[in-house]
Amino acid sequence: MDYNKPTVVAASMIQAGVDKINLSAGDLLVRGLLSGAILGFGTTLALTATAQTGLAIVGAALFPACFIIVVLMGLELVTGSFAVLPMAYFDKKIGFWAMLKNLSLVFVGNLLGGLLYACLFCVSVSQFGHEEKNAVAQLIVKIAEAKTVGYAQYGLDGMFSAFTKGVLCNWMVTTGVVLGMSSNSSTGKILAAWLPIFIFFGQGFEHAVVNMFVIPAGIILGADVSVADWWLFNQLPVTFGNLLGGVVFTAWALYYTFGRNKRTETRINNP
Amino acid sequence: MDYNKPTVVAASMIQAGVDKINLSAGDLLVRGLLSGAILGFGTTLALTATAQTGLAIVGAALFPACFIIVVLMGLELVTGSFAVLPMAYFDKKIGFWAMLKNLSLVFVGNLLGGLLYACLFCVSVSQFGHEEKNAVAQLIVKIAEAKTVGYAQYGLDGMFSAFTKGVLCNWMVTTGVVLGMSSNSSTGKILAAWLPIFIFFGQGFEHAVVNMFVIPAGIILGADVSVADWWLFNQLPVTFGNLLGGVVFTAWALYYTFGRNKRTETRINNP
Amino acid sequence: MDYNKPTVVAASMIQAGVDKINLSAGDLLVRGLLSGAILGFGTTLALTATAQTGLAIVGAALFPACFIIVVLMGLELVTGSFAVLPMAYFDKKIGFWAMLKNLSLVFVGNLLGGLLYACLFCVSVSQFGHEEKNAVAQLIVKIAEAKTVGYAQYGLDGMFSAFTKGVLCNWMVTTGVVLGMSSNSSTGKILAAWLPIFIFFGQGFEHAVVNMFVIPAGIILGADVSVADWWLFNQLPVTFGNLLGGVVFTAWALYYTFGRNKRTETRINNP
Amino acid sequence: MDYNKPTVVAASMIQAGVDKINLSAGDLLVRGLLSGAILGFGTTLALTATAQTGLAIVGAALFPACFIIVVLMGLELVTGSFAVLPMAYFDKKIGFWAMLKNLSLVFVGNLLGGLLYACLFCVSVSQFGHEEKNAVAQLIVKIAEAKTVGYAQYGLDGMFSAFTKGVLCNWMVTTGVVLGMSSNSSTGKILAAWLPIFIFFGQGFEHAVVNMFVIPAGIILGADVSVADWWLFNQLPVTFGNLLGGVVFTAWALYYTFGRNKRTETRINNP
Amino acid sequence: MDYNKPTVVAASMIQAGVDKINLSAGDLLVRGLLSGAILGFGTTLALTATAQTGLAIVGAALFPACFIIVVLMGLELVTGSFAVLPMAYFDKKIGFWAMLKNLSLVFVGNLLGGLLYACLFCVSVSQFGHEEKNAVAQLIVKIAEAKTVGYAQYGLDGMFSAFTKGVLCNWMVTTGVVLGMSSNSSTGKILAAWLPIFIFFGQGFEHAVVNMFVIPAGIILGADVSVADWWLFNQLPVTFGNLLGGVVFTAWALYYTFGRNKRTETRINNP
C-alpha cells in the first residue's frame, strides 16, 4: 500500500522523533547544514523565476522543490522538527531536554547552511563583486529589508505580525512533513508535500530557515539591515511563531485525534 | 491493485460513513477545525494567484491543493460527509439522528476553523492593521460582497441562484471524495480528486466551508456585509444546496447503481 | 504489472462489452445521466478557461478532466460504447439487438444528463435570469450557432463536414477508452486517457455527448438555433460519425490485430 | 520493480525485434496505418497550439502525446523499428531480408495512415472546401513548403541538411522507444518517452512519419510543392537520416554497451 | 517499496562506484559520448524555449529532460561520477588511480559527445551554412562569450567566480544523482531528479559537460572565443569546481552521515 492512513502517519512521526533523538551532534549539524543550504538554493531559484516573470506565484510554485529534496534525502530541518519531536514528547517517548538540545543543534546546522550558501551565492551573483546587482540580487535586498525593518517600523505590532506569519507558515510546513510521510513512494511524497509548501511561500508567510539565508544574503548584498534588526524583528519572533504553529496545529492536533490510542481505523480517507 | 472499481468505492464509502459515526465529538471538532482552516489557506493561495495573474482560472487550478491535504490527512469536511453519511444511511448502517449530530459537529468544527484562519490571515495580510488593503484583501472584500449582497438584490431568486450553485458545487466536491477513494496510492488520490474540485472552483460554484472563511474574512477587512446577509443569502441556501447535491447526485446515484447489491463486477473501467 | 499489453486490453474491452449488456435499464440511465452531466461540467470549465485566457488550447487542456472522471467512476458514455460493444459483437459474445438497445438507453441517459446540466448551469450563470450574459454564456451561444447553422449554410456538405469531424473525434475518444484500460493504476489511467481527449477537443472535432449539453444550453441562453437545426445538422451526423469512428478505427482495427486470436505476445511495447 | 535497468531494456528490444518479425503483413499494415494517422492527429494538435499561442515550444510540448499513444497501444512506427529491428539483427536473431520486408510494410502502413488523416483533416479544417484556410491550415502550407522547397533551394547541401536533421530526430525518437521500455508502468512510460520526443519536435528536426502527413496535407491545402519535391528533398533524405540515427546511436551503441553479453549489472542507475 | 531511505541510497552509490570501475574503456567512452551529446540536445531545447519565450526560467524548466534521459539509460556523466566514485573510494572499495582513470575516460567521452552534437547541430541550425544565424544560434554565441571572455575580463577573480558557480552547480547535479537513486520507479526517478537540475540551470551555475557542447558550438557559430579562453577561464575552473562540489557536499557529507556505518534507520523520512 502506497498511501498511509493518518493513524499510521502519526505513529511514524512519533518513531521519527525517537530516531532523531538518537542522532549524534555531528549528524544533526551535517544534515542541518545541508538543509539550510538547500533551502537557500530553492529560494534563489524562486526569486529568479519571480524576477523574470514578474509573478511571485511562479516563484512560489517552484520553491517546494528544495523542501522536497530535504524530505527525500532525510535531512534535518528545525521547522519540521518543531512538529515531529513534540509528538514523540507528548507520547512520552523522549525527554524535554533531549528535545531542546536536538532542536538547538539542528537550528545551528540550518543557520550555518544558510550562511554558507549566502556567501557562495553572493560570489556567484556578483562575479565576485565585479558586477552590479542583477534583478535577483536587488529582489533579495528588498525582501531582506521588508522582512526586518518592514516589521520594525510597527514595533511590537510588527513583531506580532511576524510571529503570526510564522505560525501560519509552519502550520503548512509541518503539514508538508506529515504529507511527506503519508506516502511510501517518492512520487507520492513529492506531490503531497509540494502542496502546503507552495501555500505558505505563495503568501509570504515567514519561515525561520529560509530567513537564515535570505536576510544575511540581503545584508551582504547591501540591504540596510542590522544583525539586531534581523534577529529581533524576524528571526526570533518567526522562530517562536514557527514553533507554536508546529506544536499546536500539527503535533498536538494530530496527536490528539490520530496518535493517542493508535486506533487502527479501517477507512482509506474520509473528508 | 491501485485503482478501485466503483463497486469497491461504494462499499468503502458506506464503511467510511460507519467509521465517522464512531468518532468522538472532540475528534470531529478537531478534524473539522483543521479542515476549515486548511480550506481557508487554499482559498487565499488561489486568490493570491488570481490577483497576480488577473486570471481566476489560475487560482482555481491551485485551489484543489487544500482539498487534497484534507483528503490525505483524513480530516472531516461537512460537504464531503453530505455524501458519505447518507450512503451509510441508505444502506441502513447508521441512524438518522446520529448522522445529523455528526454533520452538525463537523459543520461547527469547519466554521471554527474558517473563523480562526480568517483572524490569523487578516493580522498577516494587514501587518496587524498597519497597512492598506493589498490586492488579495481587496479581492476578498469584493468576493464577500458578491457572495451575499450580490444575491440579496434579487431576493428569493438570488437565494435560489445561490442554492443552485451549491448543488452544482457539491456534486463535484463529493465526486472528489469518491475519486479520492478510487485509488489506493497518494498520487492517484491527488490527481483524481484534483479534477472535480478544479471544476467547481473555476466556475464560481458555492461551497459552504470555503464561505465560512471568505465571507467573515471579507467582513473583518471591511466588506459591507452583515452577518444576516452572510447566513440568509449565502450560508444557509448554499449549505442546503450542497446537501442536496451530495445526497442526490452522489450518495443516492452511486448507491443505486454501484452500492445496493455490492455486485462484484469484473470490468476495470467502462465508459 | 501496472501496464496492460494491447492483447490484454482487447480482451478487457470484449469482457467490458459483455458486462455492459448485463446492466439493467436503470443502471444504464443513471450512469448515462451522470456522464452526460459531468461532460457538461467539463465543457463549461473549458469554456471558462478559454474565455479568460483567449486561448482555446488552454480550455482544451482542461476538458479531459471530465472524461477522466467518467472513466474512473465507471459510468456509461455512448461514444465509448461505440467501440466497446462492437468488439464484443465482433467476438460473437453479444447480440446485435442487445447492443442496439444498450446503446439507445445510454444515448438517452447521456441526453438527459446534458439537458439537466444545461438547465442548472443556465440558472447559475445568469443569476436565475437577472444578469446579462457573461463571457462564458456568450461563448456557448456562439459555439451552439457555429455547430448548427454554421454547417446548415453548406447543406449536405455541411452535414458531411460534421460527420467527418465526428469520425475524427470518436477515433480519439475511443482511443481514450482503450488507454484508460491500458493501465491498472489511477494515475496511469488519468495520464493516458487525457492525451487523445485533449487532441480531439483542441481541434474542435465533434462529440455527440458534449453537444447534448452545449447546443441546448446555447438555445436556452438565446442562440438562434432551432431544435431541427440541432438534430439535423449536428446531433444526427455527429452521432453517426462518432459511431463510424469508433467501430472502424478502434473496434475493428484493434479486434483485427490484437483481439482475434488473443495471442499472448511477450513484448512490453513496440512502436 | 517498475524501472528496468538498461541491460534489461536492451534484451527487451532484441525480443521485441523478434516479435515484430513474426507479425503478419496485415498486422503490420493495420498497426502502421493507425500509427501514421495518430502522428497526424498529434501534429495538428501541436500546430493548433502553436498557431494560437505564437510559441512553437508549446506545440512541441504537446506533440509527444501522439507518440505516447502509439507506444501504449503497441502500434508500429517505422522510425522506432529502425532501432528495434537492427538490435535483433546485430544479435543474429533475425535475418536481413526479413528485417527489410518488415520495415517496408510498416513504412507503407505509416504512409497510408498519414495520407488518410491528411484527407479527413483537410475536409474538417475547410468545412469540405467551403471556408478559407484558417491559421492552422496556413501553418501547414508554410511548413510543407519549408520542409521541401526550403531545402531544394540549396540543392545537395539542402538534402544533406535534411538528412542531418533526420539523424538528430531519430536519435531522440529511438531514445523515446528505449525509455518507453525502461518502465513497466504506464505512468513511467508516458513521462520517460515524452522527454526525447519533445526535444526533437521542439527544434524542428525531421521525422519521416510526421512528414508523411504534413507534406501531403500541405499539398492538398495549396502548398506550392510537387510530389518530386516531397520525396527527393525530404522523404528520402529524412528517411535515410532517421535510419542512420536509429541504427548507429541507439541500436549499435546500446547493443555495444548493454546488449552484447547481457551482463546482469547490479546498479540501479549510474550517471 | 518505491522510496529508498538515505542509508540505502548511500549504499547503492558505493556499489555503483564499484560497478563503474569494472566497466571497460569502450563502455565508458560510448556511454560518455552518448551522455555528452544528450546534454547538448537538452541544452538546445532549453535555449529554443528561452529564445521563444524570452524567459530563461522556461528553458531551465525543460533542461532536466536530458539529465533524466542519461539517468534512466544508465549512461556515464563525469559530473555525477564526481560524487559516486569518491563515495566508493571513501569506503575503501576502489583505488585512487582506478578512480582517476575512470573519471578521465568519462570526461573524454563526454567531450567527444559534446563536440559531435555541436557539429551536427550547427549543420542543422544553419542549413549547412546557407542561412543566417537564427535566435537560438545567436543565443549560443552570446552564452559562449559570457562563459569565457565574460570571466576573463576579471582575471583570477573571474576564474574564482566560475569555480564557485561550478561548486554550486555540481552540489545540485550530484544531488540529482542521489535523488535518482532514491526511487525504484521511473516516475519517482524522473520527478525527484528533475528538481535539483532545474535549480542549477535556472540560476546559470556552471556545468562542465554542458559547456563541452555550448562553448565549442558557440565558437563554430562565430563567437569571439579562443580555445584557450574556453579551457582556461571555463572548462578547467568549472571542472575543478564541479569536482569540489561533488566530493565535499555530496560524497563526503552523505558518506559521513548516511554511509559510514550503514545504519538501518527505521524512519521513512525525517526533515
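For reference, chains read A, B, C, D and E in written order, and residue numbers begin at 1 within each chain.
Going forward, contacts are C-beta pairs under 8 Å (C-beta built on N, C-alpha and C of every residue); 3 or more make two chains touch, one makes a residue touch a chain.
Quantities reported herein were computed from a predicted structural model and do not represent experimental measurements.
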{"item": "With chain D removed from consideration, the chain sets that still hold together", "value": "one piece"}
{"item": "Classification of the chain C:chain D interface as same or different, half of numbers criterion", "value": "different"}
{"item": "Interchain centroid distance [CA atoms averaged], chain C/chain E, Å", "value": "46"}
{"item": "Length of the line joining the C-alpha centres of chain B and chain C, rounded to whole Å", "value": "28"}
{"item": "Multi-partner residues of chain E (at least 2 other chains)", "value": "2, 183, 185, 187, 189, 191"}
{"item": "Topology of the chain contact graph, where touching chains are joined (line, ring, star, complete, other)", "value": "ring"}
{"item": "Round-the-ring chain order [start: chain C; next: chain D]", "value": "C, D, E, A, B"}
{"item": "Chain E partner contacts - residues on chain D that touch it in the complex", "value": "1-3, 5-6, 9, 55-57, 150-151, 154, 157-158, 160-161, 164-165, 167-168, 171-172, 175, 178-179, 182-183, 185, 187-189, 191-192, 195-196, 198-199, 202-203, 205, 249, 253-254, 256-258, 265-271"}
{"item": "Interfacial residue positions of chain A with respect to chain E in the complex", "value": "2, 12, 15-16, 19-20, 26-27, 30-31, 33-35, 37-38, 41-42, 44-45, 48-49, 52-53, 58, 62, 65-77, 80-81, 84, 120-121, 123-124, 127-130, 136, 177, 180-181, 183-187, 189-191"}
